[in-house]
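In this document, chain identifiers A, B and C correspond to the written order of the chains, with residue numbering beginning at 1 in each.
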Amino acid sequence: MRVTVAEIVQRLGGDCIGDASLVIDRIATLDAAAPSQIAFLANPRYRAQLASTRAGCVIVAPALAEEAAARGAAIVTPDPYLYYARLSQWWTESDSAGTPGVHPSAVVEAGATIAASATIGALCFVGADAVIGAHTRIAARVTVGERCVIGARCIVHSGVVIGADGFGFAPHEGTWVKIAQLGAVRIGDDVEIGANTCIDRGALGDTVIEDGVKLDNLIQIGHNVRIGAHSAMAGCVGVAGSTKIGRYCTFGGGARVLGHLELADHVHITATTVVSRSIAKPGQYSGMFPMDDNASWEKNAATLRQLHRLRERLRALEKKMT
Amino acid sequence: MRVTVAEIVQRLGGDCIGDASLVIDRIATLDAAAPSQIAFLANPRYRAQLASTRAGCVIVAPALAEEAAARGAAIVTPDPYLYYARLSQWWTESDSAGTPGVHPSAVVEAGATIAASATIGALCFVGADAVIGAHTRIAARVTVGERCVIGARCIVHSGVVIGADGFGFAPHEGTWVKIAQLGAVRIGDDVEIGANTCIDRGALGDTVIEDGVKLDNLIQIGHNVRIGAHSAMAGCVGVAGSTKIGRYCTFGGGARVLGHLELADHVHITATTVVSRSIAKPGQYSGMFPMDDNASWEKNAATLRQLHRLRERLRALEKKMT
Amino acid sequence: MRVTVAEIVQRLGGDCIGDASLVIDRIATLDAAAPSQIAFLANPRYRAQLASTRAGCVIVAPALAEEAAARGAAIVTPDPYLYYARLSQWWTESDSAGTPGVHPSAVVEAGATIAASATIGALCFVGADAVIGAHTRIAARVTVGERCVIGARCIVHSGVVIGADGFGFAPHEGTWVKIAQLGAVRIGDDVEIGANTCIDRGALGDTVIEDGVKLDNLIQIGHNVRIGAHSAMAGCVGVAGSTKIGRYCTFGGGARVLGHLELADHVHITATTVVSRSIAKPGQYSGMFPMDDNASWEKNAATLRQLHRLRERLRALEKKMT
């Protein structure tokens, strides 16, 4: 794609400083950008790069307009990162939109309903009576199980499995008797699901992913989980069965949420934290074992196994002292 | 499916209380059930719902027979959860059995042996000389590597990879020389394997999953692991190479087991616990970092890195005191 | 395959002791080997098995040549494990090489370049303008996204997804605005990638996996990550976006590396450790919560949440004492 700075501003807004006729052929980072490229400054940490970048045009916040103007063309906008997101979308739109329709190598079972504007990639499997909404794009090699429903404008990446059986068994004389999983998966609008992520179907009711949820790769969502609208999870998160997660929550990579819990709206979980109880109060919650050089860790970990006794010894000392 | 309470009892046993001619058209949870639906009470925590449920019929234990009878039809059975499991199986049997056979889009290599009663889903790959047992159901988009063997009545969910190479290399002058993985994977009868789970082939001998094992989604089983009969693992568990796990063990979600270990029968591992040594004694083992509000965690985690010194300071105080 | 000990030595080197005409039909472990099989002794822990093994021929280091000679045929070589690796490769070469070419069930988009000596397995998807190098073997059911490049002599196992979108969004009034991922993935030569592992494409620049890197199963590599040459990661590792990892690093299973970090060459991370800061100094780093019997863990974990207060109490005691 090749556009002038003027065309960008015309489409996406913002104030143009400097040569609006400059032709841009790529979006780049400040440190890697060439004179025919546009870059953005969103994180104050990278402010020093504004002076050194070779970018033809930079996207900056109003506070940096003057500094940017001193070096060449610029687009001034209140939220440069958001501006960059929109610019990046425009870039791919024209580049590789992919025509809607079902790839001839995909297998779609009887009764499935696929919107005319949806795209089903190569080698996908769509089960009986599944529903795929308008403008939703399913990448190559995805499974959508029978009766599962995906809303509009969703993006589902390669390797995703929606609607495999939830993990449910009744113990019986040492063996496990399978509980047939009679529910399905219902996914709202504007949801994105990362590569090889799994969302299991519900046991009786459905597993529900509300509008605007973003899931990264290799995430496990157990049966009958509900994830509230606009919550986001980084890679390798796992959520066990029947847990209800509020809206506007975020989960760092590798976080785990045990089953049958409830998390309020606006709860933020630090990467690799294990959520072992319900959370009623918004806020940031953490539980990550600190890394150390191996020798130090060995000593501290060994002591950790005696921590309770340590407390008792301390208490005994305190008693003696008083 | 539509059946009367009498038909259910005739097939699955139990004592019928109240109107046996009631027609049931769905299994539901106590809180969601409608008058044409059947629900079960297995967890005493939900006992209060027995009074409020609108379910036409409830499945209860003998201790609650009277309480259930007071509100309408009921089936009385010693283990309502097991009864529900069997009822759920009957429900799907009639609904969506899926005819046995190999889907035309699946790729089956020369020499593979597939039981006539087995089902191979769409877009599966079955390697040369693999064996799939009677009544086993392989979902869409599964890989079964060459020479791997799956027993009877297994269920393998979408995205599973059985028989990829184990992770073995000999270090040589800073680089890694691949060790060809000459073994295979042998899976017993009545095993269920969740979506996107991986079971690697052995280096020399085989990786073995014994009868009745249940694996959830996104589990990693390394080469030459053996999992004893009727053990079960929740999502995202990882087991490193050559570890031997006993029978009747359970693993909570995200648990990790290091390599070359042995775990006895009846060992139970709490979710997210790292098993770093062999376990000879049955019981419950745990090692989960406790979650806290972020500020408290930061303080405690920082102190944790000085725990050994803390112990030494305590010891010094103790010495002074005596 | 059937070869004599003489033929093995002729091809792979080493000194032959005893009957060089012995025919070998399998590689086995010392404890399982039969008289027509060859085994190796690499780990001193298994030295006792040298006396008891029924193996027709054993591969040993010079220090054990005499001991081995006392029991039958032997191959003496400085590094028996490396010798075994090379022998195992020779074994599979003749057994199941797989002819190069693109399986007819694979879907290859326009503009993709696949070396004539490369193998693309059944039901793979190779996107537009992707490049697959010489002698690279892609197993069944793999996705290689558009414009992604894989070098020579790589092995990519089933279920791998290369080039799904990185996880990037700009927050905007409580919702997430997608950042189109305009970069690609570049993979060097001699890289192996385990089953169901995901490597995301970069946002602006590329995600880069350098020569000789070995990745196990179910690994997540975020966008714009760079992994230095000859580094290796065991199963279930996750690396968040923009992190740069040096050369000759190793990562135990389940380790996590947070985003935007830099790790030096020769850094070794213990299994399940969370790398939460950059590491400039080579060495072994750890952070694994120690497992315990459940009752002990409960006590210690509860105390851990009061660790900072414990330290303050200790400090108060120390003050009193002086």
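Basically, a residue touches a chain if its C-beta (ideal position, glycine included) is under 8 Å from a C-beta of that chain, and two chains touch if they have at least 3 such contacts.
Computed from a predicted model, the values in this text were never measured in an experiment.
Undergrad: Examine where the copies chain A and chain C touch and state whether the two sides share over half of their residue numbers (same) or under half (different).
TA: different
Undergrad: Using only Cα atoms, superpose chain B on chain C and state the rotation angle in degrees, rounded to the nearest 5.
TA: The best-fit rotation has an angle of 120 degrees.
Undergrad: Report, in whole Å, the distance between the mean C-alpha point of chain A and the mean C-alpha point of chain C.
TA: 26
Undergrad: Of all the residues in chain A, which ones touch at least 2 other chains?
TA: 105, 123, 141, 159, 196, 218, 236, 288-290, 292, 302, 304, 306-307, 310, 314, 317, 321
Undergrad: Considering the complex alone, what residue numbers of chain A touch chain B?
TA: Within the complex, chain A touches chain B at residues 105, 107, 123, 125, 127-128, 141, 143, 145-146, 159, 161, 164-165, 167-172, 174-182, 196, 198, 200, 203-205, 218, 220, 222, 236, 238, 240, 256, 258, 270, 273-277, 283-290, 292, 296, 299-300, 302-304, 306-307, 310, 313-314, 317, 320-321.
Undergrad: In their shared complex, at which residues does chain C touch chain B?
TA: 27-29, 32, 79, 81-82, 84-86, 88-89, 91-92, 96, 103, 105, 121-123, 139-141, 155, 157-159, 190, 192, 194-196, 212, 214, 216-218, 230, 232, 234-236, 248, 252-254, 271-272, 288-294, 297-298, 301-302, 304-308, 310-311, 314, 317-318, 321
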